[in-house]
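For clarity, chains are labelled A, B, C, D, E and F in written order, and residue numbers in each chain start from 1.
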Amino acid sequence: MSDIVTFGETMLRLSPPDGERLESATEFEVHAGGAESNVAIAADRLGATATWLSKVPETPLGRRVVGEIRRHGIETDVVWSHRGRQGTYYLEQAGEPRGTNVIYDRENTAISTAEAREFDIERIQDARVFFTTGITPALSSTLRETTANMLKAARQGGTTTAFDFNYRNKLWSPDEARETLTRLFPGIDVLVIAARDARTVLGFEGDPRQLAHKLGSQYDFTTVIVTRGSEGAIGWHDSVVHDQEAYETDTVSPIGTGDAFTGAFIARRLHGEDVPTALEYAAATAAIKRTIPGDVALLSKDEVDAVVKDGGTALSR
Amino acid sequence: MSDIVTFGETMLRLSPPDGERLESATEFEVHAGGAESNVAIAADRLGATATWLSKVPETPLGRRVVGEIRRHGIETDVVWSHRGRQGTYYLEQAGEPRGTNVIYDRENTAISTAEAREFDIERIQDARVFFTTGITPALSSTLRETTANMLKAARQGGTTTAFDFNYRNKLWSPDEARETLTRLFPGIDVLVIAARDARTVLGFEGDPRQLAHKLGSQYDFTTVIVTRGSEGAIGWHDSVVHDQEAYETDTVSPIGTGDAFTGAFIARRLHGEDVPTALEYAAATAAIKRTIPGDVALLSKDEVDAVVKDGGTALSR
Amino acid sequence: MSDIVTFGETMLRLSPPDGERLESATEFEVHAGGAESNVAIAADRLGATATWLSKVPETPLGRRVVGEIRRHGIETDVVWSHRGRQGTYYLEQAGEPRGTNVIYDRENTAISTAEAREFDIERIQDARVFFTTGITPALSSTLRETTANMLKAARQGGTTTAFDFNYRNKLWSPDEARETLTRLFPGIDVLVIAARDARTVLGFEGDPRQLAHKLGSQYDFTTVIVTRGSEGAIGWHDSVVHDQEAYETDTVSPIGTGDAFTGAFIARRLHGEDVPTALEYAAATAAIKRTIPGDVALLSKDEVDAVVKDGGTALSR
Amino acid sequence: MSDIVTFGETMLRLSPPDGERLESATEFEVHAGGAESNVAIAADRLGATATWLSKVPETPLGRRVVGEIRRHGIETDVVWSHRGRQGTYYLEQAGEPRGTNVIYDRENTAISTAEAREFDIERIQDARVFFTTGITPALSSTLRETTANMLKAARQGGTTTAFDFNYRNKLWSPDEARETLTRLFPGIDVLVIAARDARTVLGFEGDPRQLAHKLGSQYDFTTVIVTRGSEGAIGWHDSVVHDQEAYETDTVSPIGTGDAFTGAFIARRLHGEDVPTALEYAAATAAIKRTIPGDVALLSKDEVDAVVKDGGTALSR
Amino acid sequence: MSDIVTFGETMLRLSPPDGERLESATEFEVHAGGAESNVAIAADRLGATATWLSKVPETPLGRRVVGEIRRHGIETDVVWSHRGRQGTYYLEQAGEPRGTNVIYDRENTAISTAEAREFDIERIQDARVFFTTGITPALSSTLRETTANMLKAARQGGTTTAFDFNYRNKLWSPDEARETLTRLFPGIDVLVIAARDARTVLGFEGDPRQLAHKLGSQYDFTTVIVTRGSEGAIGWHDSVVHDQEAYETDTVSPIGTGDAFTGAFIARRLHGEDVPTALEYAAATAAIKRTIPGDVALLSKDEVDAVVKDGGTALSR
Amino acid sequence: MSDIVTFGETMLRLSPPDGERLESATEFEVHAGGAESNVAIAADRLGATATWLSKVPETPLGRRVVGEIRRHGIETDVVWSHRGRQGTYYLEQAGEPRGTNVIYDRENTAISTAEAREFDIERIQDARVFFTTGITPALSSTLRETTANMLKAARQGGTTTAFDFNYRNKLWSPDEARETLTRLFPGIDVLVIAARDARTVLGFEGDPRQLAHKLGSQYDFTTVIVTRGSEGAIGWHDSVVHDQEAYETDTVSPIGTGDAFTGAFIARRLHGEDVPTALEYAAATAAIKRTIPGDVALLSKDEVDAVVKDGGTALSR
């Protein structure tokens, strides 16, 4: 019985080393990454036990993804499938003005056919938090229904529901996303959303504080986190707005920063800390994540403590 | 205007280094490989000019595949597509008893929708040889028709048609393959086929010499090559059968050996050599290929000459 | 509750790539390897659930070792220690006449202070098999006692005890080993031992069949396996001797072959198969292991089935 | 028939990875790079078809260089030589205060004996632009003559001539360069020159705008581009001076930045754009190039469009 | 007979590449590094001949460390030991806020038992400078005595003694360090100390200039260098204080920066330069070191000259 | 004062990894190798102190070569030159039938102008053995004279002279080699020569025993070693012929095998062993060398002892 249960797809990530291009690299680094497993790992590192639910092809590629998540200490409860592909994405990281680029190759994946009844729903209902993101319902119509069913089951079981809006314009249009996701809002307790998505997908206006306020008021969320990238985040809770600055960081890989933030926030909230403290831990976790290659917040709570305490560690020997 | 025009899919090949497993490798080596481009490259190396026709997604992955083929000196005539994936395959090379394993991830690729009318058919009709393999019609029903249309056009243009049977049991059943491919046989001049496929897919019986004879007699082929892996090959031409032994070789990568054989055979035939001589060059090219990582016969005719002449070179310095 | 529980040290293994020498290599490949976790992983792959018990330093190096074992699907029950080093070994693999060489750097490790009372002994007593090796008591006098206590507890709980003799001359002398290990023999049901160790450490004489017989008769073992490297193994059970040949294999790494053999043997026995069948699976698992870099039998039961069935797989595509 | 034909030497570039030093690195990354092929590739990427002329040794090293250029989509028309070396250079990239350093090893190369009559001069005369740089005549006295002859032939054929001054103090003295290159100026339509070279080699004075003006007035150039590194460039055309700022960029490799600029400028001019627009494309291409390892502007016009449009792309997924 | 003789431990350094974590990296880069050999190498590069004394295990790991030092041109005079480990350290380099972290694994090393009488003390007495650091006496009580004995012998032989305070909080407490090291102060001519250590270990107060002054006055040092990281250094000599700024640098690896500084300072002083000039060379050497991976100042005096002269070199080709 | 002094060129060796081809590899492994330094290193490893004389360019590439030799414990006495290139060679290792291939790029190197008077000839005269090979006089006419002068000086100083015939057909013709080298024979005490060279260059006939005998009789050699690759070697000394078989070996790299043989033979002879014993050590050293990448016999005398004693070591742990 884990503190937090997450559900979603984790992809095989293929990326050329050191700024090289997909068009010419002779080797790809291989990682596994997906918002929901990233959040589970970050939560685990910050003190919450975590389980990841998914549907995965019974192939070496599928086993690799699951093994990678297990090695980070996460319990996995996986439906092994003999149909459907392992989702992949090609990642080309680069500085400005080239920018980081992602090519998704995630159609007809095993998870796209996952139905709620294939999973042990009691796991969700026994957990303290159930988490998924806006990526999951974007993957197939089956998954739209599955996401709704899981959120409903969680609510019925008294499990807090947390949801990262995570709009991906390579998966669906703003209109589709808005229509689908706002329909899920009534079942969600904690919403995490980028200020940009609140504006361009949901059509809200105003500064991030106003966005948080409007979202919190209009729907029945307990907590709303509006993220602002390098400018930090806004936490709205019980009608109070909290400002959290981002820590300065030497970025090695931006991928997974938001997931590290969210996982840490949830873990510290579960640990009983108040929203401002949880936001501080979330920001510190996100900052350390940015120094780490791969999707995953491969860090220890001690390291996060050190950053929260004095904003970074000098050479320690 | 090239001596030989080939048509088919070339995949991105992802393989773990040095006997590692897909399930745990942290990097994949990236190559491009496909029977038809492999044959084009081998033919080019052995003295024939070559063009490769295909339909490829307009992405960095697609451009990578095309660039890789171009670098080996092949002319490419590619339909760039905004729909359909880049075909990929995962290759795990290993010695016995593990054996080499391939995981195809080539559904819904760009080429699966390729129709003959998308290509400049005169390129085929101006060439001396048109070549494709049994993999191409296995990829989609559209491609079955396209393959038939291209073979027909070649025949009409007076272009010799060459075809490698290349049965792949991960793509279709023996029955499907037999039904589809034997229907193409009347349009084919030169058939290359593994002894194993002649038996298990086509249902012929006998030793390789008998297989070659039966195939040559039953259908209207000019030339039939029956390949036998490390035991060499049989060439049937004008009702005469020629035996070709395989050269001893320190195998680094077996992938593409057959394509190297076929490309070299066609090139030397085009150059005017008789069947036994062309088979000898084919066997030597295949042997050198096996010492080279990747799918491609990245070698020079001089090297093949040396092997044909004295069965291998000692340390040359 | 796992089928098999193993107890022992897993080291960080540092090895230069590709035949290079420790004296000059500029990078080391990093693996985790230890007889008892290797056996757990092989058993898991062959169908038994497995748990690994150990004592590990609470450092990134310790977490790495534990994570690596977890990723292979093994449950871990680890005493995290703030004292004692992470054991390491440097491995230089080479062909003849250089031979493979190991430099141990495993003094004062965390596990050397592990006492039975630090572990949840019920885990051992609830399992069907408890397994450890002769390496564990070689590491410290505390561990001699711990090993004896665990074997005793297992016996009390009705758990079958299995033990790999695994003499290491870089850890102790034959005399020390004989004295210590024979004292443990009464508590052991299944003994695995190399013919060489039976002769040079225990002082038995005769061919492997005779060694198995003498060992089985003199002590109260249910089963004795005498391993003979590339010449196969002998299984003695209920006074009957079974001969198992080794499969031919293209060796990439010999390290962990014996552990793969033992893990597979135990798993198939647990699954209800008779000794000859279990030996056959063990030999096939060992043969595939040799094609895999690292200490671990990173393979699937399907692959082992294929080898058992037809002695190896050809290129599969 | 290509839009642009370039002539010059492309070297094999050997560079230690990641800031390591030539004195101790155990591996070198291998690229092919030369100003004239770099320009051809950049021009091709920005929409102009391109051909590269050169003389190259008939060795694996020579074939490698030619293959590398071909893979980027450039037509190559190469005189294969059995005499003369493949030019090489050793590149050590580093930040300040160490700085990037180059060791040339390009004496007695195949190209140093290249004469105009060895090439199909009609290719130059059929093109819309002929391009070479001040490096070519620096390599041998034969090449001084060849450069002059090719420029003359281009002029006779009505082909626009473009020339990058590219002074290299490791190849010749400022006096030699000035004397040789100013003699070529009458045959040149478009001159690209670094402000530094205009001052220290040609002896002009003033700010870059003045340099451009003086150069344009004194000689009979149609267009003069004065480049200023990170401070942008000045374009002088029809007596009008245009200022182009450089884009901010996260530099991975500065090598080839100028060539990317020049290739893009020529391509966009050929496409009919006016000088300010072409300069903007040139600056954006140069900025993206700096994020890419190797000598070559391995990018797409779409990426350049995006930078021109909004000064860089954010994470796109 | 070398200008400078240093004594101390050099460790095998194992570090994950590119910001990866010890917890998951699959390969470690291998270097050799230790303050005293680093200083010897930097001194040699800046024009002084150098010898390194140490006690090293007679293993491939020990030979590797010694070979690495020899390759940089240092004479080595090593006591080969059959007991004691090779010291190792694990280094994880990262930007802020994670910071660089070091895990020492250097207990029970060969050097911990080194006594002065095992070495040829005349080598120390024939040299112009003897150098060691505060790390050496921190390693064992034997080494405390050895350090004292060597300093005494040097003084008796008329050899200048130089000492880098180098407090390491992972080796001992501030109290232990202060007590031990201040007892050595009377035998030391040139002291190098970080401002931070002067404050937190020795308990001095004030700005760096004041620290230098107080240290120089209170003890009988000829020269005191107070280092301040990126803010430069203070040199106190003959009661005069000199300020030296640090050069701006693109840091690749901070490890060894202080050693590069100290080695260069000593070498230039030995060459007869005054303290401000020697400080300038020291700062330039340190700045270049930071652009170089590994512990060692793998640079040439020419490069340092260039930085001193104009503060860094532009691209040179 | 070393036991053995060698003189010759050591090249930078660039080789693609793992059977890849120069034509497409994206990185080259970097080693330093030359017959005379290889022999010095092998001799040192087998117990003789060694010095290597050469003339090397004062560049990072030259420093790298010298540093590499120093790291193996060899004293170097090098004339640093500001003119002339660093010799390079490109090595492509492959199994049969491709075979290993070498491309020399060693014209106009620094050493080609080396004259005897540039070196401290007393070093040669103080040594017990002076060694060079037939490669040295093949490099330039200056070096022919230098070689002759050094051999003469050695003879005058009472130093034994040893010479490896080492014919390289990529450097000169058999006729040139025979004429030049036989002229040196009167000054040589110990000749090492491949049976193949004795036949095709010197025109001798007969089996290797006869070749040794004829060579020994016709010229005034004390000792003649005729090497036969994998078939072992013949040693002729005092008119007695000794047969030495080669040890079976898993070859990783054949380059430098002969040099390892020769260096070991000389070292053991210097140590006072008789010819058959020295040959046995030579053969064992050569066999171990073949398991090691690079040109150099990076091994210990202990390892050679073990092979001599029992023909190879099993897994040692």
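Heads up, the rule we're going with is that a contact is a pair of C-beta atoms (placed from the backbone, for glycine too) under 8 Å apart; a residue touches a chain by one contact, two chains touch by 3 or more.
By chain, with names taken from UniProt: A, B, C, D, E, F = 2-keto-3-deoxygluconate kinase.
None of these values were measured; they are calculated from a predicted model.
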(request) Mind listing the chains that sit against subunit A and also against subunit F? (result) B, C, D, E
(request) Between A-D and E-F, name the chain pair that shares the greater number of C-beta pairs in contact. (result) A-D
(message) From the C-alpha centres, identify the chain that is farthest from subunit F.
(response) A
(message) Could you work out how far the Cα centre of subunit B sits from that of subunit E, in whole Å?
(response) 62
(request) Can you check how far apart subunit C and subunit E are, centre to centre, with Cα atoms defining each centre and the answer in Å? (result) 45
(request) Identify all positions of subunit D at which a residue touches two or more other chains, and write them in rising order. (result) 18, 21, 23-24, 26, 67, 71
(message) Can you work out from the touch definition every pair of chains that touches here?
(response) A-B, A-C, A-D, A-E, B-C, B-D, B-F, C-E, C-F, D-E, D-F, E-F
(message) Going by the contact rule set out above, which residues of subunit C touch subunit F in the complex?
(response) 18-21, 23-24, 94-102, 104, 168-170, 254
(request) In the complex, go through subunit F and note every residue touching subunit C. (result) 17-18, 71, 247-252, 284, 287-288, 291-294, 298-299, 303, 307, 311-317
(request) In the complex, go through subunit C and note every residue touching subunit A. (result) 67-68, 70-73
(message) Touching residues of subunit D toward subunit F in the complex: what are they?
(response) 14, 21-30, 59-61, 63-64, 67, 85-86, 88, 90, 92, 103, 105, 107-108
